[in-house]
Amino acid sequence: MSDRTDKIREVARKWLADGTVEAVVGWEQGTYGEKCSPALARTPEDADRLLFNERCTNNLMTYLKRDPVRSMAKVGIVAKGCDIKSLIGLLQESQVEQEKVMVLAVTCEGVKKDDGTVPVKCQACDVNTPTFFDEIAGDKVASNPDPEARAKELEKLDAMTQQERNRFWREELDKCIRCYACRQACPLCICDRCIAEKNQPQWVETSPHPRGNFSWNLIRAYHLAGRCVECEACETACPVNIPLMLLNRSMARTVKDAFDYEAGRDPEVQPPLRTFNLDDDNSFIL
Amino acid sequence: MENIYKPYLVRIEEKRTETYDTTSFKLAFLDDDMRENFAYHAGNFGEYSVFGEGESTFCIASSPTKKGYIECCFRAAGRLTKSLAAKEVGDVIGFRGPYGNRFPIEDYYGKNIVFVAGGIALPPVRSVIWNVLDLRDKFEEVTIVYGARSEADLVYKHELKEWEERGDVNLVQTVDPGGEGPDWKGQVGFVPNVLGEAAPNAENGIAVLCGPPVMIRFTLPVLRELGFRDEDVWTTLENRMKCGLGKCGRCNVGEIYVCKEGPVFTAAQVAQMPNDF
Amino acid sequence: MPHMTLDRTDLPSLAQALAGQGRRLVLPVREGQELFYREGADPAQLDLSTIPKNSIKEFLFPKCEKILEYEYSGNDVVIEDVAPDAKPTVIFCARPCDAASLPVVEPLWNWDYKDKFFNERREQTLLVTYACRTAPDEACFCASVGLSPSADQGSDVMLYAVDDATVAVRPVSPKGKELEEVFSKFKKGEVSDEALEAFAKEGDESLAHRKPLDKVKGWLEAHFEDPLWEEKAFRCIGCGTCTFLCPTCHCFDIQDESVFDGGCRLKNWDGCQFPLFTLHTSGHNPRDTQPKRYRQRIYHKYAIYPEKFGKILCTGCGRCVAHCPVNLSLYDVVATAQERAEKGE
Amino acid sequence: MSESPQSETQTDGAGQPEAATSWEPRIVAFICNWCTYTGADLAGTSRMKYPPNVRVIKIPCTGRFDPLFMIKAFERGADGVLVSGCHPGDCHYTAGNYNARRKYTVFKSLLETLGMDMDRVWFSWISASEGGKWVDTIQKFTEVIREKGPFVEYREMIDVG
């Protein structure tokens, strides 16, 4: 791991010293447990704070959509393979100009959550060695994805009857407090003003009661269908532990099955809900 | 314990379209007792509600010297004010208040007063103006400088006429350059400049100033130049509010809860506040 | 004075007995990797291993509460006052930092205008607090804000796990003293005052590495504009987790919601970390950037509220430290302020 | 807002809790201006009869359909929602209905994941000449909903507090 840290610092220092970028977004040591925290290096000296280890869980791409990073002419960003998927999504949707971002990729064997467990995304990871970058830190890491890891998550839900699923989600969504941490953490929730914050008309009720919570969580998942790269940032941020990834994964599965599309793979490909095929499934329409 | 969030019901008795986007209401409490005894002061504000849409905060635009009703004036801009503007005479809306502090009118007795207002900020000043005019003997010179972007943006036009015709008020109206029509008889120019030219008497003087932040920023130096002390310049701070009761946590500027310790402050007090408004 | 003791294994039965007097029961239980205070949970599931993720705030100031009902008929409107849903409640094995949050926010709900929704719930709530012997989580810093892991502020009854098998009971408030009878049914023995002294000592020791935060207010008052805010808060994603998990954050929104001709007015949790919180209709926003909003949170807790109500609006529970998704620690920020004040910067 | 489900369902004054005996299925149909609306018109001018349980909301094209419309309809007490527009290949705007079809696919799956009763959500293509298909669809849908009864699962969420 320390090799990667060294390389990150070296590249960041170089970019900052020669003015390639205004700043480098990376991780630094946090102050709670082993947690790491997002860091903004503006000078070559700052670069020495940057590091990489298995607790670098944050998807830093979320900073591309907010100030001060958004207003910078050019920015360097340290990213794991999974984080780069988000960047690809942003590029596909013209939310980020490729010339404005320098990707300092880092190879990764998988990260660990606060509770020490390995996220599903890491069990299913096939981008341990990123392929889309300007510089890369770390030696090649072979991917050994568990093809069932994602599907296993959905088994429980699939086994339920419609009524059971309804009850399950009613209970889970009742917990929602409408803090919108899921949205804030998500690198692909890019609207300047979210539908939940528009009040003329008030499409989504802002109150954290069952009706409002259902609408909000449904529309959040819908707006991410075909876009979500399953980085798990939303679920990690959720202060009331709603299993948001179940919704996101279910959407991803539908998009894969129906349109043979996986988010975050190719910046040149059109996202599935921006295009169509003449022979898309028509069987459910009378 | 009483429900502090429960509004009084008021009926719209008169509705006037002040400008293309501004409406004023004359409101009467449904409750006879409230109608008789509702008391407030110039500078107080209220929470006006359209049930089903929510509440919005603005001042009471009428003078406490007028009994039996309250008036308000607002621009249809957001969800609430738009639905409020759609209400008609006879409709019932909600009102909570009066909240906040006040202009200390008694302290102005025996003094020269200049009112400076811009655009939609006339209503809070109007409450003080009528309060002063209804007790006209207690004050010396009264000057009103009122400006808006254009003629169409001037509110309370019928009252401007009334004030103009009164011999005991010096009314100076102005519109921004380009905002004047062919029949415009007032001044053309920005409020701070027009105020400077009008040169109201700062000797023993009080200024009451309301307007958009940019107007206030440029007007304060002019008032100082004319000789007004910051302690004698009174203004109101606007902040987003929900409860009006010092609880919901929105409106504070530093340790000052605008809804309770405001909205009326002197320029001297405002200068002491952190730049958070 | 000796204190009654009971068996630790009797805690669930005690909870049941307290609830049996017509009270709804709230207690900490495990859900996945974390603890939560839950209403109606099975007392047998009582879990005291660490501090719950949510605070007890939601039982006194719910996330969504009806404050008014209205119905249209023609031009007219009929409004109906709403009584708070203030059932008698026992919060069993609350943590001292949670219990202590109540006396902190009480003045806010009662200055001039008394909020009946909070007050009536407060009146109906019985707080049985489980003292921490040592700080249960790395994020804890209650000692820095004038409390301690075994503080009894706001509690009606204190429970002290004097050893693995024994829990000492100490009634604190008159309300708590009235419950002697219920507790005495579970009485197994007595311990002396000294047995409880260990709590104060060990509790303080476990937080010895935390700074006192007595100079923070002065520093803040002089540093409204400071590079610190940008430097720390650039990473803040504005998720509001800190405000919603905080036992003392009390900001709220008022919303109307209708179905057909009637509806209700609701008081919902809100937070200073959201841009919409202070956005004027005109488009002007006094706190238009995340660092400004983050600064407001720190100011409100450590400068504004102490100035206004004489108390720090923080009980050092550490939830905002532990659960911040980007590890932006409130403690680090105020400790930096303290440090700078000490150095005279 | 004049075409929104909100105003439509609000002004019809329905949705008050009814006694079981007086309950009638309430169906909201979002239909495109060019095909299905004209088809429904044709049904009307041809004096074909169909149940009055459907509230029609005209949208310019199924491409304009937003799942929020459906959610709002359910929030305001609908028991079933139909979305209908031009057949594939017939879209007045060339491809609005193809785009809509992708949206339906995703949204339908999301509703299934959330455990919504999918018998209450129907999609159809009905052309301007298919007045008979319109009548048929509405009849069948109304029957299905009548059999299922009020959308209790959603109504429970409507009662706030």
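As written, the chain order gives the labels A, B, C and D, with residue 1 at the start of each chain.
The rule we apply is simple: a contact is a pair of C-beta atoms (placed from the backbone, for glycine too) under 8 Å apart; a residue touches a chain by one contact, two chains touch by 3 or more.
Please read these numbers as outputs of a predicted model, since none were measured by experiment.
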Exercise. More contacting C-beta pairs: A-D or C-D?
Worked result: A-D
Exercise. Most remote chain relative to chain C, going by C-alpha centroids?
Worked result: D
Exercise. How many angstrom between the C-alpha centroids of chain B and chain A?
Worked result: 49
Seminar exercise, completed: So, in whole Å, the Cα centroid of chain A is separated from that of chain D by 35
Seminar exercise, completed: Separation of the C-alpha centres, chain B versus chain C, in whole Å, is 40
For this session: Identify all positions of chain C at which a residue touches two or more other chains, and write them in rising order.
Result: 64, 253, 255, 257, 266
For this session: Scan chain B for residues touching two or more other chains and write them down.
Result: 78
Seminar exercise, completed: By the touch definition above, chain A meets two or more other chains at residues 205, 207, 209
Exercise. With chains as vertices joined when they touch, what's the shape: line, ring, star, complete or other?
Worked result: other
Exercise. Which two-chain combinations qualify as touching?
Worked result: A-B, A-C, A-D, B-C, C-D
Exercise. If you look only at chain B, which of its residues touch chain C in the complex?
Worked result: 1-7, 9, 11, 49-55, 77-78, 81, 90-94, 213, 238-240, 242-243, 245-250, 252-255, 257, 260, 274-277
For this session: Flag every residue of chain A that touches chain D in the complex, lowest number first.
Result: 157, 160, 162-170, 195, 201, 203-205, 207, 209-211, 214-215, 218-219, 221-222, 225-226, 246-247, 250-251, 254-255, 258-259, 272-273, 275-278, 280-282, 284-286
Exercise. Which of the residues in chain A end up touching chain B in this complex?
Worked result: 199-200, 202
Exercise. Can you name the residues of chain C that touch chain B in the complex?
Worked result: 67-68, 70, 72, 75-77, 79, 81-82, 108-109, 111-116, 119-120, 224-225, 250-258, 263, 265, 267, 270, 272, 277-282, 284, 286-287, 292, 296, 299-300, 303-304, 307-308
Problem set entry | Interfacial residue positions of chain D with respect to chain C in the complex | 10, 13-16, 75-77, 158, 160-161
